[in-house]
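Naming follows writing order (A, B, C and D), and every chain is counted from residue 1.
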C-alpha cells in the first residue's frame, strides 16, 4: 500500500524539511522526541527558532560535547551523559546564550498557557476530527504520556510529523481507535506524502509530494480527505507567513494575541 | 467599661510581650501591620524567628537605615523610602543573611500551604467560634483584605493581638457582626487583659493580667467564656512549647507534619 | 537591540478602555517610567489590575489621581485616599480580591488553567456569586482566570531577549503578570547584554516579554 | 551546621510503606546519594512519586530494580523496562499522570489549594473518574492535590538554612516537591555558607527544607 518507495532517511528528511518551512523566525517551539528533533537542521536561512525542552530549558541547543560540564553517569554502564543539562529525552543538551533554565511548573505553565507558537510531535494515529493518539497501545506499549497531553492542548499550533502509514496501514483515520492524547487538537499533519490541514472536522490535502499521485495519497489514508485546488508542492512550499519579529512595536504590526 | 487604666504604650507592650512568649525558636511567622510588628522586640533571649513579609521576603529584618540601598521616592512629598526592599506595609525593610526574596505567587503558596508556623494580626472583632473580622467596616472603612484572608486560613496558628475593647465596647463577641475575614480560624486571642484560646467553639480564658480581676475581664468581653483552672498569669506565662530545632534529625524529635 | 524600543512607542500601544496589569506592591516594583508615560498619553477609561493603589503621588497612584481609571481590581486600597473618594463619588469601580487569590487568578490565566480551588474567602463576602467545591472534606472557592490586554512590569536587569532578573522585593506580582497579558512591556532599571544573566537566575524567561523599555536608572 | 545531618540519619526517617517524592527528570536532578542510601536501607513497599523511572541502573531506576516499590506515580515509564516487567507481573502498581498535571497536583498540595482545573486529559482515559468543570465555555478536569510523606530533592548549592540554588536542568520537579511533603530532605552537590546564595537567586527558600545531606560532589 506504500505508494512510493522512499529510503527511510529520505522519508524523515522530507518530513522534517517541510515542518521546518512551517516555522517562523523567533517562534517558540517544542519538539517531541524522535523525528521532530530533526527539524532544526532544516530551518531555512535566516530563520531561527527558540526551542523548549519541557524538562526545563527555554532556548535549548544541541549537546555541547564532552567537556567540563559533563560527568560520567556514575554507577551505570551507559555512555557518559551530561550531569547538569539534558533534554526532554534525557540526553545531553545545552542552553543557548540568552536562554533560561526553568522548573517543571513554570515549563508547563508556558506550555498550557498559550505561550508556545507550535509543538511538533509524532503520532500513532490522527483522525479527521483532529483527534490524536500517541501515548499508548493497550497491552503492548505503555510508555506514558509524558508532557504530550499538555503540549497538544496548550500550543497555538499542533503539527503532527510522522510517516504516512505504519507497515502499510493508514495512520490517518476517520476515527482514532487507540486511546486519545487529546480531542480536536491537531492543526497540521506532515508526512512524506503530503501536508494535510484539519479544518472544522475535515481533512484538507493542501500539498503533495510530487513523487506520488493524489490517488496514491488517498489510498494510503483512512479518512475522508478534501483535495485543495490548487494543490501545493510540499517540496517547494509557499513561504511561511511573515514572522512577527519580537522587536516590532505592536502598533505597527499588530501584536499577536495569545489564544 | 475599661477595667484597668493602662497607658497605651503599656497596653501595646503587654500584648506584644505575651505574643512573643508564644513563639518558638526558628518559627516561620507573618506579622500583620501595626501592633504585631512590635512582637520581635520582645522575643525571649535565645528565641529567634524567621519573619515573612508577604510582599516577598523570607527572613525579613528592620529598615537598614539610610545608605546605598535607599533612594528617594522620586516625585513624592514623602520621606525617602527604600527603592528595592520594602515590607508588607510598604516601608523600608531588609532581608537578613540566609533569607530569600520571593514573588507573590510563591509567597502565598507558603502562606496557604501550611508552611507558616503562626500569623499574628489585629482584629476589629473576634467571636467565640473563632470567626474573625478585620478588613472592612461597610460604609466607613474599606481598605481591602490584602493578604489577611489567605494568612488566617493558611497559617498553622492564628494569633489575634489586639486591645480588648474599642472605646469601651467589647471586640470579643458571641458572633461577629462585621463581614468576616474567615470562619473558625482563630486559635488564640491576646489582649492587655488576658489570653483566650478558641477551643471547639468555646472561648477559654487561660491567663489573666494580674492588674485586673476575672470579673473585669468578663465584663469587657461580649462572649461566653470558660475560665481555666488554674488560671495563668499572662505577665509570667508558662514557657512556650519546646522548639523543634531545624537541625534536629526527624527520627529523634518526630518531625512536625504540615497541617 | 532585540526587543528594546522607545518609551513613547511602547505606551502608545495601550488604548483607552484597555485592561492593564501593573506589577508592584505599594509602589515598590511598579514600572514607574511606564506609569508616568501612560499618564502623559492621556489614555483613559482603563481597568487597572494591581495589588494595591500605592501611596499618594507614587507609582500607580498617579493613574488614580489623574482619573485615568474606570475600574480598579486590587487586594488593598487603604493607603491611597483618592481611591475611596472616587469610589464614593461613583467615579471608580473597585473590586477587592484576597492577595493570594489575585496572584492565583492571574497565574491561571498565564498557565492555561481554568481555575483554582482556594480556601481563602470561604464564608466571607468574597464567596458571593462563586461556585464552591468540596475536596477531601474541605470546601473551597472556585476562582477563575484573570487576564489583561497589557501587562506593565518592572525588572532590574533585562537583556534584549526580554529575560528578567528582579532585585529585592520589586519582584512581587511582576513575574506572574508577565504570563497573563496579550502584550507584555517590561521596564528595565538596567538593560544588560545577552548572557549577563546566567540562565539559572533568569526569573521571567524572555519568551514572555514582548517589548523592553529603559527605565530611569538605565 | 544548621540543617545539615548525616546521610544515614536522614534516610532512616523513611519508613517502609511511605510515600516518597523524588525530584529529577530521567535521572537528571535525582538526589543520587539519597536514592542509593535509601536502596541500601532495605526500606520497602514504598510509593514513589517521580516524573519518570529514569534509565536502567540510574537514579530512581535503582528503587524499581531493587523491588522497593509497591506503587509508582509518574508521567513516563517507557525508558526503564523493569517497570513494565513488574507491572505486567502484578508486582508494581503504576499510575500515569500527564506531566503538567503532575506538577500542578503537587503544587496544589504545597500551596494549600484544593485543586486545579486543567484542559490536559479531557476526552482521554485520564479523565476517567474525575470531575469536569466548565469555565468560560471550555471544559476542564478537576485535578486534586498530591502530597507525600517525604520529599527527596537535589540542589546544587545549598546553605545550612536549607536555601537551594539549582544548576542546569536538574531543577525540574525539585522545587515544587520541596513544598508538598511532611519532611523535605535536600541533597546538596555543594554545601555553601549562609549568604553565598544572593537572596534574589534562592529558588527554594530554606523554610521549606527540613534536612540537608552532602551529596557525592560535596
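By definition in this document, contacts are C-beta pairs under 8 Å (C-beta built on N, C-alpha and C of every residue); 3 or more make two chains touch, one makes a residue touch a chain.
Given the structure is predicted, the values throughout are model-derived calculations rather than measurements.
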item: Both-way neighbours, i.e. chains that touch subunit D and touch subunit B; value: C
item: Centre distance in Å when subunit B and subunit C are each reduced to the mean of their C-alpha atoms; value: 29
item: Chain centre separation in whole Å, for subunit D relative to subunit C (CA means); value: 32
item: Separation of mean Cα positions, subunit B and subunit A [Å, integer]; value: 54
item: Overlap residues in subunit C, where contacts from two or more other chains coincide; value: 104, 107, 112-113, 118-119, 166-168, 171, 200
item: Junction residues of subunit A - those touching two or more other chains; value: 95, 101-102, 108, 111-112, 153-154
item: Complete list of chain pairs which touch one another; value: A-C, A-D, B-C, B-D, C-D
item: Of all residues in subunit A, those that touch subunit C in their complex; value: 28, 50, 58-59, 95, 97-102, 106, 108-115, 153-154, 246-247, 249-251, 255, 257-258
item: Subunit C - residues contacting subunit A, complex; value: 1-5, 9-10, 12-13, 107, 109-113, 159-163, 179-180, 182-183, 194-195, 199-200, 202, 205-208, 210-211
item: Complex interface listing, subunit B residues touching subunit C; value: 53-57, 73-78, 81-86, 88-90, 93, 95, 101-105, 107-108, 111-112, 136, 141-150, 153-154, 179-183
item: Subunit B partner contacts - residues on subunit C that touch it in the complex; value: 25-28, 32, 51-52, 54-58, 74-79, 84, 87, 94, 96, 98-104, 107, 118-126, 156, 166-176, 203, 216
item: Of subunit D, residues touching subunit C in the complex; value: 104, 108, 112-119, 131, 133, 135-136, 138, 140, 142, 144-145, 165-168, 171, 200-201
